[in-house]
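Several structures are given next for inspection.
Two complexes, one shared chain (chain A), two partners (chain B, chain C).
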Partner chain A sequence: MEILEIVGLGLIATVFYIILKEQKGVFAILLTTAFTIMIFLLMMGKIQAILQVFEDLALKANINMFYLTTIFKIIGIAYIAEFGSQICRDAGTSSIAGKIEFAAKIIIMVLAIPIIVAILETIVRLIP
Partner chain B sequence: MLDALSDIVKNVAVIILLTTFLDMLLPNSSMQRFVKVIMGLFVMVAVLTPILNLFETDFELSAWQLVSLPEHKVETVLAQGEQIIKLQEEQALTEYKDRLEKQMEALIKLVPNVAFVQCQTVLEPVEQIGALARIEKVMIWVTPGQELSAQDIKPVEPVHIKIGSDNREESIDKKVDPVMKEKIHNIIANYYNLEKENIEIIFN
Partner chain C sequence: MLDIGIVFKIAGIGILTAVLHSILKSFGKEDQAHLATLAGVTVVLFMVIQMLSELFNYVRSVFSLY
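Our next item is the complex of A and B:
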């Protein structure tokens, strides 16, 4: 049961976090970061399997893979930005967290530009 | 038509399923709105593409995509480029040869008592692209005499053919003017830096 391992690890990390926060706040943040990275790496293999299934589905539905990979990238950026901003919030620096989210939003919009352009072109073609 | 429609419906069902799963994957933060909008756009593209394909067979949504088609392989393009270069080289050489011949004719006409002249040059084969071909040999046909104007040309007189009698006129050698030949030799040899044995002059 993988979830039990993760929950156990999470609880231990929380206990250590509370202890460290009282004595050495910097190490508490480092602990949170390490725990986040660990969970992310543990889930990496599973994420890959899910993405593979999505790719197969998209191929069956004749979807242009370019759009699907863009969506995957956007979801990945959203996750990474969320991890980073949450760590910053835990450390009490919500302004930095806000900046990370801002940057993530901009990057997501930039990645979405080809899709937006494609839709606009379609609409222009549809209108006589 | 019915097959195409059923294909579209099938594809749309798969796309909706796919996006629902993707929606579940989304992080639970303020960025969710952004990602959802883009997912909506993605669904629109995915649904519109097969419908548009139904109306226009040659239309595909392929914005900002570089697809290399087999006929546009680098090798093919390079080979075509080389062919074009060769063709241009040949054309340039032909033009160069024509101009050389015209230039020589103009030079020889400066020699007194030359009525008509025709030149032919043989160029050395060019091995390097862009290099200027050297002149290998020059053949010059010269007709001595005063240059004829339009008024001087007389109508063709009746031709009488006598069978059996050998009435050939003087040999060609009699027409050869050694001074003129030497002058032409010198002009062409000096101007084009050629050996005299590579210049052949024939008197008509």
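Our next item is the complex of A and C:
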């Protein structure tokens, strides 16, 4: 049961976080960052397996791999941006967290433009 | 599988630094107390940044980001 380990570690990290926050705030944030990195690394292997399944399905369905790679990139950018913005928000700097999310949205938009263009071209071709 | 050690390490260094800071402060050595805090933060930051680079490399390879 992996979830039991994660919950246990989370509770331990919370207790240490409260102790450290009283004494030194910097260490509390670094502790949160280390815990977050640990959880993200742990979940990364599972995400890799899920993405592998999607890739196999796309290969069977003969979908253009360019679109699938773009979607994977978008998921990756969202993952990293969520990680960074949550740590910034924990540290109390909501404005920096907002900027990270803003940049992530713009980059995702840029990556999504080829897909949007392809959809529009398909629609235009369907309309006589 | 789950490397729990680093959380304890960071908590230990943090508590040690806080104690060292208050001891040096009570002896009237303010600047050395601040240097001790800075050293503790640097050590922990070094560990966290190494983990962060590992995570970023992993994410880059999984999501095929360039």
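Operating definition for what follows: the second predicted complex is superposed on the first by the 128 of 128 C-alpha atoms of A that agree within 3 Å, B and C clash if a C-alpha of one lies under 4 Å from a C-alpha of the other, contacts with A are read in each partner's own complex, and residues count from 1 in each chain.
Rule of thumb we're sticking to: a residue touches a chain if its C-beta (ideal position, glycine included) is under 8 Å from a C-beta of that chain, and two chains touch if they have at least 3 such contacts.
In this text the structure is predicted, and so the values were computed from the model without any measurement.
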Q: Considering only the touch criterion stated at the top, classify A:16 as touching first (chain B), second (chain C), both, or neither.
A: second
Q: Pick one for A:7: touches chain B only (first), chain C only (second), both, or neither.
A: neither
Q: Using the superposition described at the top, list the residues of chain A that contact chain B and also contact chain C.
A: 75, 79
Q | chain B residues within the chain A interface of the complex | A | 10-11, 14-15, 17-18, 21-22, 25-32, 34-35, 37-39, 41-42, 44-46, 48-50, 52, 59, 61-65
Q: Could you pull out which chain A residues touch chain B in their complex?
A: 50, 54, 57-58, 60-64, 66-68, 70-71, 74-75, 78-79, 81-82, 85, 101, 104-105, 108-109, 111-112, 114-119, 121-122, 125-126
Q | chain A partner contacts - residues on chain C that touch it in the complex | A | 1-4, 6-7, 10-11, 13-15, 17-18, 21, 37, 40-41, 44-45, 47-48, 51-52, 54-56, 58-60, 62-65
Q | chain C partner contacts - residues on chain A that touch it in the complex | A | 5-6, 9, 12-13, 16, 19-20, 23-24, 26-28, 30-31, 33-35, 37-38, 40-42, 44, 47-48, 51, 69, 72-73, 75-77, 79-80, 83
